[in-house]
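Dropping the structure in here first, questions after.
As written, the chain order gives the labels A, B, C, D, E and F, with residue 1 at the start of each chain.
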Amino acid sequence: MEQQKVCQLAKDDRFDGFLLVRGAEKKTDRNGRDYVDMNLGDRTGEINAKIWNWDGNQNLPEGGKVLQIRGLVQEYNGRLQMRVEKWQPVRPGDAVPMEELVPSAPRNPDEMLREIRETAAGIQSEPIRKLTEAMLDMAGDRLSWFPAAQRMHHAERGGLLHHTTDMLHLARAALEVYPWMNRDLLLAGVILHDLGKLEELKSDENGNVTDYTRDGQLLGHLVRGITLLNRAAEKTGVTGEPLVLLEHMLLSHHGEAEYGSPRPPMFPEAEALHWIDMMDARMNTMKNAWEKTPEGAFSEKIFSLERRVYHPRYTEED
Amino acid sequence: MEQQKVCQLAKDDRFDGFLLVRGAEKKTDRNGRDYVDMNLGDRTGEINAKIWNWDGNQNLPEGGKVLQIRGLVQEYNGRLQMRVEKWQPVRPGDAVPMEELVPSAPRNPDEMLREIRETAAGIQSEPIRKLTEAMLDMAGDRLSWFPAAQRMHHAERGGLLHHTTDMLHLARAALEVYPWMNRDLLLAGVILHDLGKLEELKSDENGNVTDYTRDGQLLGHLVRGITLLNRAAEKTGVTGEPLVLLEHMLLSHHGEAEYGSPRPPMFPEAEALHWIDMMDARMNTMKNAWEKTPEGAFSEKIFSLERRVYHPRYTEED
Amino acid sequence: MEQQKVCQLAKDDRFDGFLLVRGAEKKTDRNGRDYVDMNLGDRTGEINAKIWNWDGNQNLPEGGKVLQIRGLVQEYNGRLQMRVEKWQPVRPGDAVPMEELVPSAPRNPDEMLREIRETAAGIQSEPIRKLTEAMLDMAGDRLSWFPAAQRMHHAERGGLLHHTTDMLHLARAALEVYPWMNRDLLLAGVILHDLGKLEELKSDENGNVTDYTRDGQLLGHLVRGITLLNRAAEKTGVTGEPLVLLEHMLLSHHGEAEYGSPRPPMFPEAEALHWIDMMDARMNTMKNAWEKTPEGAFSEKIFSLERRVYHPRYTEED
Amino acid sequence: MEQQKVCQLAKDDRFDGFLLVRGAEKKTDRNGRDYVDMNLGDRTGEINAKIWNWDGNQNLPEGGKVLQIRGLVQEYNGRLQMRVEKWQPVRPGDAVPMEELVPSAPRNPDEMLREIRETAAGIQSEPIRKLTEAMLDMAGDRLSWFPAAQRMHHAERGGLLHHTTDMLHLARAALEVYPWMNRDLLLAGVILHDLGKLEELKSDENGNVTDYTRDGQLLGHLVRGITLLNRAAEKTGVTGEPLVLLEHMLLSHHGEAEYGSPRPPMFPEAEALHWIDMMDARMNTMKNAWEKTPEGAFSEKIFSLERRVYHPRYTEED
Amino acid sequence: MEQQKVCQLAKDDRFDGFLLVRGAEKKTDRNGRDYVDMNLGDRTGEINAKIWNWDGNQNLPEGGKVLQIRGLVQEYNGRLQMRVEKWQPVRPGDAVPMEELVPSAPRNPDEMLREIRETAAGIQSEPIRKLTEAMLDMAGDRLSWFPAAQRMHHAERGGLLHHTTDMLHLARAALEVYPWMNRDLLLAGVILHDLGKLEELKSDENGNVTDYTRDGQLLGHLVRGITLLNRAAEKTGVTGEPLVLLEHMLLSHHGEAEYGSPRPPMFPEAEALHWIDMMDARMNTMKNAWEKTPEGAFSEKIFSLERRVYHPRYTEED
Amino acid sequence: MEQQKVCQLAKDDRFDGFLLVRGAEKKTDRNGRDYVDMNLGDRTGEINAKIWNWDGNQNLPEGGKVLQIRGLVQEYNGRLQMRVEKWQPVRPGDAVPMEELVPSAPRNPDEMLREIRETAAGIQSEPIRKLTEAMLDMAGDRLSWFPAAQRMHHAERGGLLHHTTDMLHLARAALEVYPWMNRDLLLAGVILHDLGKLEELKSDENGNVTDYTRDGQLLGHLVRGITLLNRAAEKTGVTGEPLVLLEHMLLSHHGEAEYGSPRPPMFPEAEALHWIDMMDARMNTMKNAWEKTPEGAFSEKIFSLERRVYHPRYTEED
């Protein structure tokens, strides 16, 4: 049986199911008794929850973990709050509906990864193929669940694969419209362009980014991607133009200095990569805002888009 | 037999073929004799030419017209110059290799126009289809040869169709990757987005833009497109959301105030239209710069891209 | 007898008079009893108010309506709060001091409208006069109370007329200093420049703007003004330069792309319109900030001016 | 008899009249003979001129001086050139049509100066009046002919008075529309705002600016105006608010840091001064561009306006 | 005995020592009894404090004054709060540890002032030395404790001297690396560049800036510095280049219009002054952020630096 | 005997000495005879030169090479031109006054290099020292003559060493003023920050930059410096924080995205490096402009500084 969505909880509802802990703190009430003040959520939203009469010796629920919860929804100061009546950590064998708890890519990670691997294997140019495959080898298992961002776009379990495979589809269309481009270079560029994020973001296996890494803060994923690529070049013995073209594509894919690329794209495949990346990132952000907005209405101002978004009715009458 | 390309002319060559007049002026030499100083070109380049001993009563060759020319290539002050020995205007029946003289879209205009018409006819939403077809009707024959710009991108015979059909291909790919978008709206947006240019630019039938129109200068093709769309709405009786959505798509397709759109795209189909337009325009500009640059070399700084462009060798060795 | 101004209420005051409802909500106290939490205001300020022991079946007071109120001013958590003792909706015949409740233009609307109508009637050029009068006809009665903005300047009952008539006075002075300008064009431009706001803003008859319309959001008042003008042109049969000059004036009156005008003013009358509009808008904003600041003091930073404002003492000593 | 305008000279015309020297250089022809290569002009334009067979011992004509000239207009390399046949410096008593040679303000300088003096004398506030009159005293006679700029606006003999008196007219209109402003402050601000230019620019008595002064380059007329004002304060004994308000008006009249004002206007009279200054400067620039453009045509891009200017036909037909 | 640092206070601690009042307000509790709600601090932090059962007739503790305090640290709503048990104003003779209460420059003010005075006395150029010494005379005693800013950098007791002397050290190093610069000009520029702040900021003797002055708001310390310098010139009889060079250095030391300098530095000594000022200001800001950040961690985003700051471990292992 | 400076050549001078070829081209005169048209220069300037009656079989003089020249200075079209009478390539043993021909650093390269090497050897932290020394080893001999730029600053033989050693002096002063900084990190940062330029610029041994390299164009010296540093890390086995801190210093030393640094400096040593680099680069540019400007005069607008530069008289009178 499906558990209730957090965004649909109402006063006096009873909840019974699994929720993700998003931060928990021990506090003391007016009478000096300890309690736990925490936020619980699924992919649809978040609710504040209290465990009263907390035994101070217990371990505090940890952020990013899933709890099995039974509780009552109350209202306090005009906001909903869950009074937790029973709770326990997940035990092996529990049927945790993970896809309900965290935002996830719509396709299966293995399937997406296979598509990327096959694309890499199909690259004709030996040095480009070797670099691409070496980078994928270095990326390893984390690719299955890594998100593409903390908040902006594809901030979801498997988001990096989602972003990359959608871009591959757009890239193949671009290669049909602009057949004079170099296929190997563009497809490799798509696969490699964001792999530096694996070293820029700290993500748990739910695709939830808690922070940036030291190297991510100090260098960013563009430059970190380039040093990884040089490591792959060392391993595979690739040098010269194929390497520097891919380095340039990593460096320039944000398009402008203002957005982190000290070089603008300087050849057609780098230019195409930039627009495909922009388009896919923005369409994902736009979709998220549009989905949450009722038909015929405008969203609040979306921070990353710097505008309000309208959800058309798409019907023929006004 | 193919005539020689202007970009390949060398000192002492004899030329025999057709060339396009790009500006001609009557001048007087030191001895008081009239001569014609003009520039002749084909799609690959331009050469200065002189007709000495000009009979002042003749009509001056007119810019935009084709002449049949026989002449000798000389060098003067380090630059090539053609001494015209024989010349005459084109006569009916002359086999003028028009595609060699003016830059032209790579596909046949009728074929492109047919594709656009069929796409319009396939729009499911009645109001959107009616508006789209009414706008195409109003555009009329000029569509066959109209360019998309004076200089920036698709500045070529049939460039407007070329730009629009390439964008349709990208739009269809985008609809596969983002199937939650409204197909009718996106395809109609692509077809309509630049039709205002028909009233913004003054172009001859070779796709050569000599100037902007008064209305083009004072209002621009975005806003002129909107008033044309309102005229189409008046004719077809369409009102309400379908009309305003398309008005918004015309207005916002440049993406930012700085580039002429007082509104940014506010729903997904407008957003997609913007990126597809940007990508196609930039890929065309990039291709033009890249084609003219030798392999392994950098171009001069390209004004519209604000950067130099590199033409990779695309080989495996350095 | 004049009722007390909200900005002058103090602890323990008793209030007896009419106030405007600005948002009201039903809430529940700790004992489960319903009460109403609302904000009441006049043109000088706003106070939070409670109706305790609310009968849940009554209709909640509606935002934008006027209530007759009797209550006691108390202090809670350092802020004033009115305990409502008696209240009722306005009944026909009540002497509601509307000008005390909402900010209003200083001149009588009918008088301002008459001035504008007479100016329009005095335009010599037939096509310009026809377009101007047709636009005024289409604007209709809403002109009497429509504000010029939600917040920035002339956000008041009759603000659009206030802004327009003040600009007419400045325009007449400009025509004396720059007598080479075309009088008809400048006066018509002033009258028409903001009429698109009637379709951009949702305002009640108090000049209180609750939101932007769908078309206002998607197109803005500049572009909507142009489509209205084209409708007027259709009705009056006006075409050609007079129409396109006025279209350009509407489009360019914000002066720069950054402020919403995709074209800068390109002839003298459009340029003059822009500066007169800027000056009148800014002087109004400046006056509002200056009035609220005590003599010899600085205001807080004013958002729309991006600066603090000083209210000089204007005396001869320091 | 009126002499021919330079902008109307054509090949084979004979010219007889006075012209202003704008730069002259001694050169040597192929045969080793000296000649003078100079530019001559009136307020309508400029023509290159040669004095062949120049006696090397003569003094070269000096820039900024007027010559009486007789010559023949010829064409060389497609450009007009005057062959000077006879020339001599102006002698006392020559009826030099100065107003034809240099751009001049349309009103009589004495009349403009009288208007400014009377306005200053009418200031009610004693400290403000004293400061204003002391500044005018310090400015002295140069006011009669000083221009307002080297190129941008009112770059003409008497341009500073022209700009100031036109602004006074606009300021008086503003005081009627915004009667809550302080009359003394605004009128004094207008009179004083550009007096620092007297120490910023090097101008001859024709209003022709040859350069900036050292202090003008290093400090600018805003800051130099403030130190002059402090000198006036020292003389008159004025201190306190009246002084600092005027200092602020001088400092802020360009409106934004980007345009040289480190402070934006912070009280209403300073705000009004800024807009009146902007409007008058821009209307003058616009008029100059518009006058030179034929009806129904667009100018080239005007550097200081960053746009092309259209000169409407102002007729009712298209 | 050293008193406890505010940043180290913990629940249930008893505090006994001196603290600085940072704002105090009289409030009323639910039972109608008056109490004082105030913030107390030392240079390490701030804590909220309550004096319950306040006798309404007493004078409220004044911001900026020091109190001797005995109290108990409690927790309320998860934040620390001090219950004041005993308090009294400082009496003459109390050993107030001022350096613990307010941030102060690390060196002794008299020593710093002496260094500056000696540097001024060592200036070889008579006009430059006279201007510098006259400005220091006018600055007077306030120099001993004046801060360099309200918040940005050197916001501390004696901060103006601290900033100036550190800059003198950098300037001497620059004179060794660039020995072609004029020593007198650079050293005088350093000493004078921020003296206008004495009239821009309102500071108490603890270096705590409560506000900007009227003149500071309307003119800023750059321009106010120039009028002070002109007063010094009047006194000393200095005119000409030495004066205008120093005026320019004051005006240009922020480097760009955007940062308040309407002129960029236009000679080498002005350029050097700008970079030395920038460097010292930024190093101070950076140090403050870096000190508060634990080793191996990133700070929050620092407003004035627009970035997060990292505190390296500086050890050889990772 | 010293040869004549090119900037001092005058008409009819005879020149006898060595000059550097800056571009040479074979051309044909009106009579069909070949001649050489070239530019010759020393560090003070450039002059056009012709070798008439050129034997077409000879090798054209090569850009960047030195020729021994005898010639006559003539004037043509108002510009000086040298008629070359005798010329030959430099032969071994010729006493070429290289320091007169190309701009060079004022100190001896070996001495500068020794200073840098000793500074590197004195670094206490082993990983930082190893990285620094490995990078210097990789840089090799080119360091002796490499310039720091093509045009902007230190565009001279040995300019990279000149820039680096001057920065080391400033850095040591900064370490005295801010003794809490990490000495090793700052000194290593200075030494390494521009080494990537060795792979960004193509320079001959005279420090004359003819172009950017492919990698320089596509990646820039900041990013290329980072990949070189990673190669040094590989060789020396250094990993972890010391490596990433230096990577960040290379990446951030331009300070802002707009100037090529995708990350701003995020720790004090990186911040100090940025300002020291800025200051030294700007002081060098300023010095070059100032030296060329006569005392008491202003330069033309200097492109890289976006301003005119003033050369003060530095005397006590005006």
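Note that in this section contacts are C-beta pairs under 8 Å (C-beta built on N, C-alpha and C of every residue); 3 or more make two chains touch, one makes a residue touch a chain.
What you see is a predicted model, and the numbers here were worked out from it, not measured in a lab.
> Could you work out how many touching-chain steps separate chain A from chain F at minimum?
Minimum number of steps from chain A to chain F: 1.
> What is the set of chains touching both chain B and chain C?
Intersection of chain B and chain C contact lists gives A, D.
> Which chains contact both chain C and chain D?
Touches both chain C and chain D: B, E.
> Matching A-F on over half of contact pairs, by residue number: which of B-C, C-D or B-F?
Checking each pair in B-C, C-D or B-F, only one repeats A-F, namely B-C.
> Give, as an integer number of Å, the spacing between the C-alpha centres of chain E and chain C.
A distance of 44 Å separates the two centres.
> How far is the middle of chain D from the middle of chain E, if each middle is the mean of its Cα atoms, in Å?
47
> Rounded to the nearest whole Å, what is the centre-to-centre distance of chain C and chain F, using the mean of the C-alpha atoms as each centre?
62
> What positions in chain D touch 2 or more of the other chains?
Only 214, 217-218, 241, 245, 266, 298, 308, 310 qualify.
> So, with touch as defined above, which chain pairs make the list?
A-B, A-C, A-E, A-F, B-C, B-D, B-F, C-D, C-E, D-E, D-F, E-F
> Taking the touch rule as given, give the residues of chain E at its contact with chain F in the complex, in rising order.
Of all residues in chain E, those touching chain F are 125-127, 166, 169-170, 172-174, 176-178, 180, 182, 185, 239-242, 245, 264, 266-268, 271-272, 275-276, 278-280, 282-283, 286-287, 290, 298, 305-318.
> Once bound in the complex, which stretches of chain A touch chain C?
75, 78, 296, 298, 308, 310
> Per the contact definition, I'd like the list of chain B residues that touch chain D in the complex.
25, 27-28, 214, 217-218
> Going by the contact rule at the top, pick out the chain C residues touching chain B in the complex.
On the chain C side, the touching residues are 214-215, 217-220, 222-223, 226-227, 230-231, 234, 241, 244-245, 247-248, 251, 257-258, 260-263, 266.
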